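Below: one structure in structure tokens.
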Amino acid sequence: MTHDVFMAGFGGQGILLIGNLLAYAGILEGKNVSYYPSYGVEKRGGAATCTVVVSDEEVGSPVIGNPSCGLILNQASLEKYLARLKPGAFCLINSSLVDEGGHRREDLDLLRLPLNEMALELGDPRLVNMITIGAYARRTGAVTLDSLKAALKNVLPERNHRFIPLNVKAIDLGAASVKKP
Amino acid sequence: MTHDVFMAGFGGQGILLIGNLLAYAGILEGKNVSYYPSYGVEKRGGAATCTVVVSDEEVGSPVIGNPSCGLILNQASLEKYLARLKPGAFCLINSSLVDEGGHRREDLDLLRLPLNEMALELGDPRLVNMITIGAYARRTGAVTLDSLKAALKNVLPERNHRFIPLNVKAIDLGAASVKKP
Amino acid sequence: MTTDFKPVFERPVSLKDIQTHFCPGCQHGLIHRLTADAMDHFGVQQTTIGVASVGCSVFLYEYFDIDVVEAPHGRAPAVATGVKRARPDSVVFTYQGDGDLAAIGTSEIIHAANRGELLTAIFVNNTTYGMTGGQMAPTTLPGQTTLTSPEGRDVFLDGYPIRMAEVIAALDGAAYSVRVAVNNPKNILQAGKAIRRAFEYQVEKKGFAFVEVLAACPTNWGMSPLQANERVGAEMIPYFELGTFKDRAGDK
Amino acid sequence: MTTDFKPVFERPVSLKDIQTHFCPGCQHGLIHRLTADAMDHFGVQQTTIGVASVGCSVFLYEYFDIDVVEAPHGRAPAVATGVKRARPDSVVFTYQGDGDLAAIGTSEIIHAANRGELLTAIFVNNTTYGMTGGQMAPTTLPGQTTLTSPEGRDVFLDGYPIRMAEVIAALDGAAYSVRVAVNNPKNILQAGKAIRRAFEYQVEKKGFAFVEVLAACPTNWGMSPLQANERVGAEMIPYFELGTFKDRAGDK
Amino acid sequence: MSERQLVAGNIAVAMGAIAAGCRHYFGYPITPQSDIPAYMSQELRRVGGTFIQAESEIASINMLLGASACGVRAMTSSSSPGISLKQEGISYMAGSELPGLIVNICRSGPGLGGIDASQADYFQSVKTGGHGDYRTIVLAPASVQEMYDLTILSFDLSDRYRMPAVLLADSLIGQMKEALVARPASPPSDLPAKDWAVTGKLGRSDQRIVKSLYLGEGELEEHNWKLWRRAEELKAREQRSEGKFLQDADLIVTGFGSAARIAKTAVAMAREAGLKVGFLRPVTLFPFPEKAFAEATQRCKKLLCVELNTGQMVEDVRLSVARDAEVAFYGRPPGTGSLPTPEELLEQIRKHYGRGA
Amino acid sequence: MSERQLVAGNIAVAMGAIAAGCRHYFGYPITPQSDIPAYMSQELRRVGGTFIQAESEIASINMLLGASACGVRAMTSSSSPGISLKQEGISYMAGSELPGLIVNICRSGPGLGGIDASQADYFQSVKTGGHGDYRTIVLAPASVQEMYDLTILSFDLSDRYRMPAVLLADSLIGQMKEALVARPASPPSDLPAKDWAVTGKLGRSDQRIVKSLYLGEGELEEHNWKLWRRAEELKAREQRSEGKFLQDADLIVTGFGSAARIAKTAVAMAREAGLKVGFLRPVTLFPFPEKAFAEATQRCKKLLCVELNTGQMVEDVRLSVARDAEVAFYGRPPGTGSLPTPEELLEQIRKHYGRGA
Amino acid sequence: MPKVVINEERCKGCALCTIACPKGLVKISGSLNRQGFLPVRVSEDDLRLCTSCALCAQICPDVAITVHRQEKGARS
Amino acid sequence: MPKVVINEERCKGCALCTIACPKGLVKISGSLNRQGFLPVRVSEDDLRLCTSCALCAQICPDVAITVHRQEKGARS
């Protein structure tokens, strides 16, 4: 079984962090993984995207032409990347920053969640990314929530380990807001 | 008809000058020519050699493995280069600086001339090279003596043109000391 | 009844009216503006050829409305020499960062200066390799931590910050060499004058002119624009003395 | 009845007893001898690694009885840096000509000095590219005719002779920088002292040491050895002031 | 530590170098290889090595020459333009028979170009961009694990054959992260002693001289033949490649490094679609795995070579295959947005699979 | 002055450059090309041009880049190690679509090597030693007359295709003297105007920018294809070679420059000895005269490639000949006393002439 | 016409101008611009206190400020 | 044993020693050596005047001269 996912947002939304988190969770499950980041030209702000593949077989290409899953955290990313997704792909959209419609992908399994608002509920706007990855994991079963949570200490710098409980809550909140595959 | 000649001596004997002179004489006769010099590593003194080809046909290689003619002006050159000459090659040896024998080339058409003494007779030890080339031209007919003399003004720097008459005498002396082919 | 307004500050015409890619608080933008002011002042926009270097200022041609040649990293002074010799009547300036000029380009700037090429050289010293993410530069201050001096620059292993304006001034071929900063209005005024003078040297064929400008790189210093600007005055200027080290045409 | 003779001048043991390829009156040979004297003095022949440059002194290993690494043209200071960092306990010296060090190698010598590498650099300035047949060098004197300055060096087109000892002295990383000549016994004595001191700096791990030696190239100057030696005193020394420009360990 | 960690390719190179006993790094900043010096500046201090950020790429390669001449394991890393500047130094190292590792995390060119994944430096690396007749070992990793393993291998081969080694990768392999098992390394016990290294004469009567200048009659020619013989030995013994689905293949897809990585997925897709497509990836670019290509083309007469350039390795493929084999080429020269996708390569496979040889 | 003069090859290059209208020379001393700057430092002053002895080869190539960017005809000359140092600059010139002449009077390598005639820089010149996908025009004169004529041609081709041109020779062709007829040159009337040259904007609203940096989506790839298309045009239009005795040849001897010059005499000797031997010499190394080789090997299936190296051009020969042709190689890597003689090559001819294809 | 015109879209909110203004009239605003930065503003009232010294404009790295002076002669 | 020993085969006849000797004792000889140079000599009589100051040796680029001093104590 192979899971590939493409995530996009603007710098600061923590896209690359959850990309790493997902990949590490895969490793903890003994799977093969690849994580491939790509940034815009700008040094501050700008786009941040990455592709993660988690698989039982050897991972070939770390870049995917038509990803089977997408996590779209801002308007610009929707406009730029939605078209790439494979027909029938699951796509999580951050409705807090992305307007309704404005695209022609009736063939996708779209889920809109107000991620910024949900993060604020948890008391920290920076949790958008954790909620996202929680939702993704639950929905696709690419990795278990436990692996994600376990991987937190691998990807978070020592000094931020105190925030792990809060991140765990965010992951759970994300998971709770979607249904199993 | 093609004439190739290899000349060798130590720096200062004017080998390269007569190489140029011969080549230029060939040009004046509308022939094809090549002149290829090669020096030792030392900046002062050391060996000086060159190969000149004068031909009615296009000149191919400017380097000749077994030259059909040799002009050997000092002992070192004899020891290093005599062996290379083609069997039956005409070889002019400067007996002023080269001992009798000391080699096994019975197959060569050897001519020993006391070039330094002859030059002194003319009143200038530096004329060794001109005597040599005069003898060569007469003996092989590669170029006419007139062409050699005419070429003097092409190869001698302006300031030395006043010596042309003396050089002409040297060329003639060389020519007079050998017989036509 | 009418009111009259006279412009006291406007964008120079040599500088295109577009958004730059520079980070907030990056002083390349300001130094670009001062350079454009100088071109406007002498009315040479139409005859100027800029030589861009490799660094965050690589997009020179995006911002200046002039002809531009891109030089390989560190080689702008050599490229500019070729340009100037081929077009002696044009005004040719180079714009280089400290990694570009004081590291890989050491030889080219020194010999262009020593030959006394009729060039104007703008040198932006921000004590780091900005574009590549903040490595140690020859100008990095002792103790300054960078991507490649994680424990801070250790003068015993890494050597000392190099003072280019002084090095250039020491060459017989160089006619003008100064160091300025753009961390406050007073220094900005000085910097503007210096850059103008550096163009004057070329316009009047008086010789090679070099202007070192101390500038902030908030991003790679890991500081806010205000903190970074603070640091220029607090840490850079004490080591990199401001002043005119050579002004052959003038008194000095 | 016996007579006792005590040697007052003998060939240093670090210098092989063989014929050199140098032209008559070429002072590379003399500078080789003084360098060997310094090695003998500190008894470091066995631990010294020489770094040869490209020039008439390229055959360093033929003449010195020590381990030698050949460096590409101009890069001896970089090669020596690699050697010294890999073998900190060995004594490492470079030996470069003026074309090698002051032209193509400008960047390497300046940054090795600026890093304060524990090296001894011998720099032989004969105002020309000897090995390649006498082209203009950065050190060629104004008006000096060479293969590539047939009408004499024109400072307006070709720039000015560069004074390396002063340039090096100006760098914080350099500990010792001097200029000496070998045109007469008095100067030779000075030169010997300077080279010895330059090795002392390394042996005692006191920092980067640089010795510029003014020397004659009779062949490419188109002069007899005596005329050439004359010229060193008459033309070179007036432009290339002899002296100690930096001696950190000492008073200066 | 031999458990699986998530590591970027560039870091794996640095880890591999340190595992191989490399304690001397000389470099100059350039994207996209900056993680290597950043990591080295940290770690080498920790393990008591030398990290120098040189004033230029030229200084770096010459510092490497100096350190290698002393017999220590040393390296430099850079990217395309910086590697161009090292060509003279590499030629000197080869001429002086010095080992040493040069890492090239390629960027797009020519000139300043851009920083995207590129394979346009194949000729420079494999045909050698410096002057004179010489070769360097060239290894082309296609995974993070290989970035680590081949870095170690390159030090071993370089020491054994007294030839500089080039590790050729790009930002795709350099910046992607995968699981890495960082096995401890120990140099093969049969590596020849470095009895040529300069150490100072202490305890020796003979001098050691590291040089490339040979002026004696016939000396330099013999030296050239000596280097040539070593390269031939390397060709005989060290060709490495990865093959897959070759037995029954009607079309073989080939490529190296990042292109091969993408192509591999395309080949898998093709197989799923029932096409008999094989995969052959050179791991060593020099020595080029001629034997593997000759063998594979005994049966399969159609190849498709995929590169991130306009056609470079394809020449060596054509020189290696059976005479009656057809070699097609598909290139995507590098640049922003120009990385091919597996889907795109699958199309190419279909296109050429159909065609008769 | 069109009468025949006795001139050295290096001087012929300098004369040709001046005849071609080149008024800007930038160089750095190195044997065996020093006659060129020596002559230029004299003549360019006389004709009001610019001669700069730069501080290094790197400065020279970048001064050339700057001058070429202004639209003037300019050149640099050097020898092998110096040319290695110019590789980054050449890549930038190619990437910036700049013409300009780079003369390489090769010396023997690798490293410092020696100053003898060498052909070991074939790969560097033809496969391009710099980074990125680019090509340069490469011309290989084999006589003093060609040193003059091909220098002029290289400026014309370089301007037409906006590609740097490399003139590849060595001390044999550079230092030998032959009769030269220095015909006055005039650039072809159909050369495209240099409407890309920087001049200062005076009289223009648009900027002119000479650069190689392309970051926009797809831009750099398209730029690479554009350069590739130009190279293909060059291949289609500008292949040049010299052939002799090809009609009935049973063995064709090939080689370029100095080796070809020596081989030509060997071939003549062979003919005298009654052997049906042909001669085929590439004059343009890039574009390589593929057509001439393909054609010649329709009939003759045996070739002997002679080079002053261990085998470089032979690869392009193998890529160009008919599939069933056999290409043998005879190399003499450079060094003191290693120049082959016609007699020596004749032996090789006899050796291979006998053998069945 | 205001003495100080700030191009809010060009402004990157670096705040250097806020320390350059001798009267402290330039202040960071609360709302992001399209680039995602908080641009600076000079309030209507503050504008009256502005001396048109242009120091804010002088220090701006992004040349986002233009300044005019009210002509002596002119009646307002 | 002579105070000054000149290695005539090593000597290149540059004559620098002839100007270095305060007593002018070193002179160019008339006969070429195997290298083709005219080496210098110090005549028997001149040797007596030699002070062993070694300046000739100091200046010699080819290290062709060695100098000894007669020990004070020694009777001759």
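Assorted remarks:
So that you can tell them apart, the chains are marked A, B, C, D, E, F, G and H in the order they are listed, and the count of residues begins at 1 in each.
FYI, contacts are C-beta pairs under 8 Å (C-beta built on N, C-alpha and C of every residue); 3 or more make two chains touch, one makes a residue touch a chain.
As the structure is a computational prediction, the values presented were derived from the model and not from experiment.
Counting steps between touching chains, the shortest path from chain C to chain D takes 1.
If you tally contacting C-beta pairs for each pair of chains, E-F comes out on top. Centre-to-centre separation between chain A and chain C, using Cα means, comes to 43 Å. Chain geometry summary: the mean Cα position of chain E and that of chain H are 61 Å apart.
The geometric centre of chain D is 26 Å away from that of chain H, both derived from CA atoms.
Looking at chain H, one finds that residues 35 touch two or more other chains.
Of all residues in chain D, those that touch two or more other chains are 23-24, 58, 70, 72, 103-104, 106-107, 110-111, 115, 138, 157-158. In chain B, the residues that reach two or more other chains under the touch definition are 41. Across the complex, chain E is touched by residues 20, 23-24, 27, 32-37, 59-66, 154-155 of chain A. If you check the complex, the residues on chain E that touch chain A are 4-6, 172, 175-179, 261-262, 264-266, 268, 339, 341-344. Per the touch definition, chain G reaches chain C in the complex via residues 1, 3, 9-10, 12-16, 19-20, 35, 37, 52, 54-55, 57-63, 65-71, 73-76. Within the complex formed with chain E, the residues of chain D that make contact are 45-49, 51-52, 58, 61, 65-72, 75, 78-87, 90-91, 107-108, 110-111, 115.
Across the complex, chain E meets chain F through its residues 58, 80-81, 83-85, 87-88, 91-96, 106, 108-114, 116, 118, 120-121, 123-124, 127-134, 211-225, 227-228, 309-310, 312, 315, 318-319, 323-324, 332-338.
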